[in-house]
Each structure stands twice: as structure tokens, then as C-alpha cells.
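Each of the next two complexes has chain A plus one more chain, namely chain B in the first and chain C in the second.
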Partner chain A sequence: MPENKFFNILISLLFGLTISIILLPIILPLTISFSSSYTITFPPRGFTLEWFINIFLFKSLVDGFKFSLMLGIFASLIAIAMSLPATYAFYRYNFKLKGYLENLLLSPSLTPEIVLSFMLLVYFKALKIDHSFWLLLGHVLILIPYATRYTYASLINLDISIEDAAVALGASRLKAFLDVIAPNIAKGLVASFLLSFIVSFNAFSISLFLSYGETLPLPIAMWNYLQVRYDPTIAALSTILVIFTLTLSLIVRKIVELRGVR
Partner chain B sequence: MMGYLILDGITYYYQKDVFVLRNLNLSVNKGEIMVLLGESGSGKTTLLKIITGFLKPKEGRIIIDGKDVTNLPPNKRDIGIVFQNYALFPHMSVLDNIIYGLKIRKVPKAEAIKEAKELIDLLNLSGLENKRPSQLSGGQQQRVAIARALIIKPRILLMDEPMSNIDPKLRSKLRTETKKILKTYNITTIYVTHDQDDAFEIGDRIAILHVGVIENVDTPKNLLDNPKTTYVASFIGYENIIPITKIKDILSLSIDEHTNSCTHVGIKASSIKLSREPLDSNDYISLRGHVNLISYKKDKISYHISTSIGMLEAYAYDEFLKEGEAVYVNISRRSLVFLK
Partner chain C sequence: MERNNWMIAIPSFPILFFIFFLLFGSILFVIFSNLSSIKDKFIPIFSSEYFILSYLTTLKIGLVVVIVSAALSYPLAFYSHFYNRKLSRVMDIIVFIPLMVNPLIRSLGWMIILGKEGLINWLLMKLGIINSPLRILYTDIAVEIGLLELFFPFMYTAIASSMENIPYETVMSASSLGAGSLRVFKDVVFPLSITGFMTGASIVMVGCAAAFVTPSILGGMKVKTLSIILREYVDVTLDWDAATIIAIAILLTAFGFIVGISLLKRLLLRW
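Entry: the complex of A and B
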């Protein structure tokens, strides 16, 4: 393609526009975190780290963070433990209704979260399931499509016959899975765990509908805080969450890259 | 002589009455390289899974060294498999790949490495022990796969299209090497392929599989000189296959025992002589015909001649005939092959 000055400028402009559409809405409001103003105003005025300290003074936010952390970890682990056998069956065997079953496992991600949340609330109440399990069960349900997708992705590139090769060499099916399949999908499972965790950590409607009692997941705790106090604390917390999520996704990227060069 | 591996009446179907394998019988001698040659859809893959135990036959038995193994699971059969794509374990080094079977058998590591060393030398893999499979060439991967299969001292080695991932230019050289290794080891081998070059170069005997039945088992030479069925003849390249009813009178054949159940006669294009005058010899049957089509092969010219028994293909090395010209087709009597 010939060098074209006009074309190059156009490309640069488009690039700048794309970046500003994607990044600016995330970055600009975060500058409020450092504003010395007592309400949320933009552009920020002055500079202070007070709001970051303030986060830790509110028990509901600190507890919410811990709670969301635990909820995310357990829900992701359970979702992966549940989807692994299913994805393994999809990977290993061909059977009737396979396509339908795959879609069924992905369906929670196609249902609007608010609808799903509402239906689960009704459902759990009708079944008289103990309140303390609502959030966990709900989160597991919304994570299953993600866990399924990412776990499947780590299996799909693996040559199916290595398991048969191990069996032919004398290994039992289980031993073959542990010896030759598991080590090759371990990184994929870690990536799958981290991505599921991010989804759980950010889930709002399902957490709102299924929360019960004193301790609330972080997004709900933040929402409640905003109802009462309109100060930059939430912006400061958001800054931390953005960095936290970004770090997790960078780790995932690193893992996926490592798989590539294996 | 009793076979070392016997497939006795193997039948398999996924749906009743749609047979993949139909009452298949095959006997392989100890130390023999038996090639299973067939096109895709012939039932090769299914038969392979049945021999290795990944599938159970609906009927029939598999006997190895006098023992019925039909009901043994694949991990108890002691069959070494070299998979089509080699199926090396990507996260293990070459050495760990090779000793995996011994690890499963709880052989102490030092001893396993000692045994691996012998195979590594035999298979010319020295220096690659710590490499990952992805760092090896196709030929090296194949040798690792062979070493990994041989280390468990299998009773039978099964190779599934092992040349399909090898550069076609290197295949012939590799076949010779592979055959040498198999013979050094004196291992009874089932070698599955759809490639005739593969089959004829490597096999002690070739079994031709066609729609679930073995049509013909013989040495490469006998197969070429004396195919038994119409399918085999056309598969291995008999250009002319003529229904026996058309040629019976010309040959002045009395329907005797030999030709009784035969339906066709096979004639190789290379055993036909073309001439302007009929050959005056009892060894030949001469038919008058006309050149219908001329086509050029790499090293010869192919003439399609229309005759009273149908279109015949014959070769010549120079272009002495034109299309439409009259010609005599002289078929050597000895080269006629009777086919079922």
C-alpha cells in the first residue's frame, strides 16, 4: 500500500477516538478519587488520599470486599468442578443431543441477569432453600457458562488420542486423565478460575436479589453506601477495583501466552 | 501354522444390519508385518479399535498367542500403539514419554532409563532425551512414538497411518528404516494404511480391506501378479477389467473349475502389445480395434482402444498411432487374471 499522509492521519484519529471511547470513561472518573471536594464533582479539585483511607473506616465496605472475595473463590471453584466433567464429555465423546446440552450449559449467560435473579429468588423461596446458600448457588449458576466456555477452550486444543495412548500403555482411564490430560489443561483451568472470579466479583443484579442478612457482597455494599453518602470514597474504591480486575486479567493473559509457547 | 494374532469372525455394526465389519478373519504370524490396506470407510479404524480393545466386537474373538483377549480392556492387552499423529504427551520430555509405560508398571526409574537407553540408541534418538515433542521433526516424533510403544515389550505393535504426518519425499526412506527396526525387534506388527506405496514397501503380507471384509491376503508380489477379486485388481491398478461373459468365446474358454466362480478377467495395460498386424503367436490373443483416445503419462503414452470386448487401455513408449487409426491389441494369455 502506498504511503498516504491523509490515510495515516485518519488512522491515527480513529485510533485516538477508539481509545478515548473505551478508556476515558474508566480513567477520567477515577481521578475524582483524589479530589479534595466533599462531594462527587467533575473535574476534581485539589489532591488528597483521604478517600482511600476512608474505605477502610467503613466496615460494610471492608466486609463486603472480603465477602465478595470468598464468594467469588468458592463459586468459581464449584462452577469449574461442575463444568469440567461436562466439557470433558463434550471433548471426548460424540452423543445424541450434544449440541443441545452445550447450549443448555451456556443458556444462563443468554438470559438477562435481572430476569435470572428474579426467577432464582422465587425458585429458592419455593424450595425453601436456606438463605445462606442463595448467593452461592446463584453465583455458581451464572458462572457455569463462563467456566464451561473457558474450560472447553483449554481442552479443545488438546489431542484427544494422548489419553488413549496412556491407556494403551497400561494406565487406567482415571490415571490417564490425571497423568496426561490434567497437566495440559491446568493452566487453562487457572485462567478459567480467574475469569469466572472476575464475573462473580462484578455481578450486581444477582447479588442484589439474593443477598440476605448483614454481610453484603461488595457491589451491593457500594450501592448502599452511595444511597447515603455521595462522597469520593466509592470512586477511590472503584480505582482499587479497576486495578485489581486489570491485574487479574493480565495474569490470565500471561497464562494463556505461556500456553501458546509451551 | 497357527497364527500369533487371530481375528476370528469379527463382526461389528453401529446399527443392526449396517455392517462395518462382517465376519472378518485374519491370521498374523509371529514377527510378521501385516499391512491392513483399505480406503477410507473400509472399516480400518473400527478394526483397529477392536484389536486394541477400545471397541468390543459384536461377534467374534481376538486371540493373541493362544489366549482369548476379546474381553480384556485396552490397558491389559499389551498392545503397543503408534498413533496416526503419534499422540506424544506434550508436557513430558522425550525420555519421560518413552518410559511412561514402565512408570505405569512400577518399574524403578533407574531400570526404566536403562531400558529406554537401548531403544534410544536403536532408534537414533540420542541427544533428544530432554526435548519436548513439539521441538522434534515428524520423523523424530514417529521414532519416539515407536520407542514408547516398544518399551513395554508389547506382544503386538499396531501402527495407524504412521506416515501420514511425514513429508512425502521422506516417506520411502523412513519406511525402509521403520521396517528395519521392526525386523530387528522381531515384533508382530499390524500396519494400517490407505497408501499403497506404504503397504507394498513395508508389508510382509497385505490384507486388503473392503467394506468390512478382507478381500485378499497375500504377499505384495502375489497380490500384484495374482489379485483374487475385481475390487482388489482395480484397487491396485489393473486398468482393464472385462466381464468374463464378453471374453469367454474369444478365449475359447471352457467353463472349468478354475474359472467357474470368476466373473471378470483382469488385464494390465502394460501386458498388452499394440501392433499394426496381428501377432502370429499362440501366446497372444489378437483383437482388432480403433484408437479412441490418446493420453500422455509421465514416461509413456496411454492408448484407449475400442474393441469387440469393450474399451481397452494399453501403453506404448512412442506415438506411432493416431486417433481413429486401426490397430491390433495383443493380449498375453499368461497375463490374464481371473477375478471373483
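Entry: the complex of A and C
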């Protein structure tokens, strides 16, 4: 323990400041969502559940929620289905170029998302790819680095010799993978799916540039709503979403202690 | 088992193809297919006051966020890693929570804090420090605060994980030889963890240059960072050539930072 009193006080102050910077903006929408005032003001006045009911009166928000849900589920499934074979091969074998290939899988996260979103928009337009695939393709691309990292983390504790044992006992490589490896990494894959889903559900720039037509992903629908109105409806929706995504991440933490996942 | 057989890479072909086709494909396509129409516009745009101001605003905001987030992260990471492991676990959870919450929602939270009828103005008026509300929202400061909250977890994680590589004994021996905690930090921990800071700085800088939702909400489209003017060109003025040039500028800046900082790190390690 440092003997210095001044140092201890400084640390406590910094810790308090950091906690408030991190947690206040997440907690405050929660208090406003019960306020009976018609604009977002602090302190909240009165108590009402009206804003929670109000969410359902806006078709764009309800549809946005459903759309983001579907988009997140499909994009995460595709991203994981593509990254599992690759990460498994990387985990199991050492070969030349492995390091380069691993870095390549992380490259979408090194490209600024707003640049990527714009480039994809121009590219898809030029290639005349059907609008309904734009968002899915874009989301899968930005999920790949996360899906690979999380899937890799789920393999870390796996003892690969069990696969060799199964093969030595007469199973084919594919059967060995499905019967012996898959059950061992299933939990990790579920966690990886949930985390990828959260990334897709919260993604903004990519959704803004690539959404087309009437049905917009939820963050974009909320952003549009905020440009027009500034009332507690959006705070109420935020409350629901904070609880939703934090519950998902809690489930992840419960299922599996993924190391190095942030 | 070690094999140097190219067949091993086959399972990764679909995903690599996907990345090549979309990521590299789109970037190369957009740059080269428009080269003839944009090549004469580079110099007028790069030398326009609008662009230069926006570039400087973006750099300034990024720099402020890097400095403040490092100033918060260093003492907390140092103290929690070497003196209080319980705090270290608490910090791990605290930096994890915001990553799970939509940046749009966090920006809304900051509107409630910084707005004209927000928490800070209410508090300051209650305390009688000010008579009329301060204008914080829709200024550079609001954007910097929002981005600080967005990127603090990355800076903290980078610095904290670089401290994990410093053996506890090193710090203890410095202490037992009579160095106070400030001295231990300055002469032992800081030089040994500088690479972590640099990693954090490049993540934060690149993140600030590319962030869109936070500056759009907290800056109210008045704080013109590069990503805001990119969106303006795409959506308002419909000048996609200009947007392409801005996108290239962001891309080059981001890679400049990543490459520059990794070179600097290598140089420091050798030295």
C-alpha cells in the first residue's frame, strides 16, 4: 500500500470521476424515462409510464427493433459460420503465413467504419447488388473481426489431442469434429454469437449508409426520431435497450469466462 | 502438429474471399474507378478552408481525448494493478459495461447531462454559481466528453494490459530501495508501459477520426469533424467525388497513425 495520503485521495477522486463518466450517461436516460415532463429536462418531474407505451405507437421504432433483431441474428450466424473453420485451422495447425492470415481477419476493424460504410455503398451501387443484401453483407463484414476473436477465445481451453484420439479410434475427421470437438466448444460459440449480435445490434455508421427504403435498423430509426422530437419516449426506449443488451452480456459472462474478450 | 501444407489454409478461404471481395474490393474499386473524375479535385478540396478547419478540429478533438483518457487511465491502472487487485477487477467490469451499450444511447445520456436544461446546468444554477445556463452541448467540449467516454475503455485496457507485463518484484524492489509511489511510477512503470499508451493512443485517435454518431448528436452537426463532412457530402450536397476524397483522407490519416505509432514502438523497443 502506498503510504502517501495525497496519492490515495487522488486515486479515490479519479476513480469516482471515471465511474461517473462511464455510468452516468447510461443511467440518466433511465431516470428521464419516467418523467412526466414533455421534453427531456433534468431533474425529472412526476412519474408516468406513458413514454413506454408511446414507443409502441411509433411504427418505425417497433419495426426497427424487429429488423435489427433479425439482422443481428443472421449476420452473427453467418460471421461465426465463416470464422469457425478458419480459426479452428489456425488453432490446430502451424503453417507459414498463418500470422498474416490472422491479421487479415482483423483488417475490417482497422478500417474506419465510416470509410468502409461509404466505400461499400458506392461499390454495391456500382455492382448493382440487390438492396436487400446491403445491410447483411456490411454487417457480416464488420462482425468478422469480433466473431473470429471470440471464437478463437472459445477454443483456447480445448485440448486438441481428443480429436486425434477419436481419429485413431476410427472416426473420420469430420465426425471427430462434430462428435468430439463441437460439444466442447458449443458454450464458447453461444457466447461468441451473443457478443457478435450485440455488436451488430449497436452498429451505427454501417447501418446509416447501407439502409435503404422504409424499414431502418433501430439505431437509425432512433437517430431520425431524435432529429425531429426530443421527448422522453427515446429515453424510455433506451432504458429497455440498455437492460436488453446488458442482460445478454451478463448471460455471456455466466456461460463462459472468455479470457481476453473485451 | 506442424504442417507446412497449403491445404491447411483451405477452411479459411471463404472468409478470406469475403474480406478480399468486400473490404479490399470496395476500397480499390471506389478509388480507381473514380480516379479520373476525382484526381483534379484533390488539391482544391485539401486546400479549402472548410477541409483544413475540419481536419484540425478532428485532430484537436482526438488529441484532447487521448490526453485526458491517458491522464485518467494511468493512475487508475497503476494503482489497481500494483496495490489493489480488487479495484482492478472492478475496473475490468466498469470498462466492459459501456462497450455493450449503444453509442447513440450514451450520447443521449450526455445530452441529458450537458444540455441547456441538463444535469450540469441545473446543478450549477441550484448552487448559485451561474445565473443563466451555460452552452456546453453542441460545442467541441461536448463532443470531446462524449468521445472520452466512448474511448476511455480502450485506452485503459491498453495501458492496464501493458502493466501486466511488468513483474511485481520490479516495483517492489524499487519501493524497498526507497522510491515513493510517484517515483516508482515515473522511473519504472511509465517507461515500461509506454508501448501500451501508444497502442491506446492509436486506437483512440483512429476512433475519434472515424466516429460519427457521437459528434453528430453532441455536436449537433455544428462541430464539423471529418466524418460529419463526409456524411454531408453524401447526404446533403450529394457530391460523391468530394465524399470519396474525404474518405481517402480519413483512411490515410488512420493508417498514418497506426503505421507511425507501430514504427515508433519498434524504435523504442530497440532503444
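The rule is short, and it goes like this: the second predicted complex is superposed on the first by the 237 of 262 C-alpha atoms of A that agree within 3 Å, B and C clash if a C-alpha of one lies under 4 Å from a C-alpha of the other, contacts with A are read in each partner's own complex, and residues count from 1 in each chain.
The rule is short, and it goes like this: a residue touches a chain if its C-beta (ideal position, glycine included) is under 8 Å from a C-beta of that chain, and two chains touch if they have at least 3 such contacts.
Source: prediction; values computed, not measured.
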Exercise. Record, for the superposition on chain A, whether partners chain B and chain C clash or fit.
Key: fit
Quiz item: Does the superposition put A:165 against chain B (first), chain C (second), both, or neither?
Solution: first
Practice problem: Examine A:108 and indicate which partner it touches, taking first as chain B and second as chain C; both and neither are also allowed. | Solution: second
Practice problem: Quick one: classify A:53 as touching chain B (first), chain C (second), both or neither. | Solution: neither
Practice problem: Decide which partner touches more residues of chain A, taking chain B and chain C as the two options. | Solution: C
Practice problem: Could you say whether A:137 touches chain B, chain C, both of them, or neither, answering first, second, both or neither? | Solution: second
Quiz item: Which holds for A:19: it touches chain B only (first), chain C only (second), both, or neither?
Solution: second
Quiz item: In the superposed arrangement, does A:9 touch chain B (first), chain C (second), both or neither?
Solution: neither
Exercise. Classify the contacts of A:184 with the two partner chains as first (chain B alone), second (chain C alone), both, or neither.
Key: first
Practice problem: Based on the superposed arrangement, let me know which partner A:243 touches: chain B (first), chain C (second), both, or neither? | Solution: neither
Quiz item: Closest Cα approach between chain B and chain C after superposing, in Å?
Solution: 8
Quiz item: If you lay the two complexes on top of each other, which residues of chain A touch chain B in one and chain C in the other?
Solution: 262
Quiz prompt | Complex contacts: residues of chain C adjacent to chain A | solution = 1-6, 8-12, 14-16, 18-19, 22-23, 25-27, 29-30, 33, 72, 75-76, 79, 83, 87, 94-113, 115, 117-119, 122, 145, 148-149, 152-153, 157, 180-182, 206, 209-213, 216-217, 227, 230-231, 234, 240, 243-244, 247, 250-251, 254, 258
Quiz prompt | Complex contact set, residues of chain A against chain C | solution = 1-4, 7, 10-11, 14-15, 17-19, 21-29, 32, 39-43, 82-83, 85-86, 88-90, 92-97, 101, 104-105, 107-108, 110-116, 118-123, 126, 137, 140-141, 144, 148, 198, 201-202, 204-205, 208-209, 219, 222-223, 226, 234-235, 238, 241-242, 245-246, 248-249, 262
Practice problem: In the complex, go through chain B and note every residue touching chain A. | Solution: 52, 54, 74-77, 79-81, 83-85, 87-91, 100-101, 104-105, 132, 134, 148-149, 152
Quiz prompt | Complex interface listing, chain A residues touching chain B | solution = 159, 161-162, 164-172, 175, 179-180, 183-184, 262
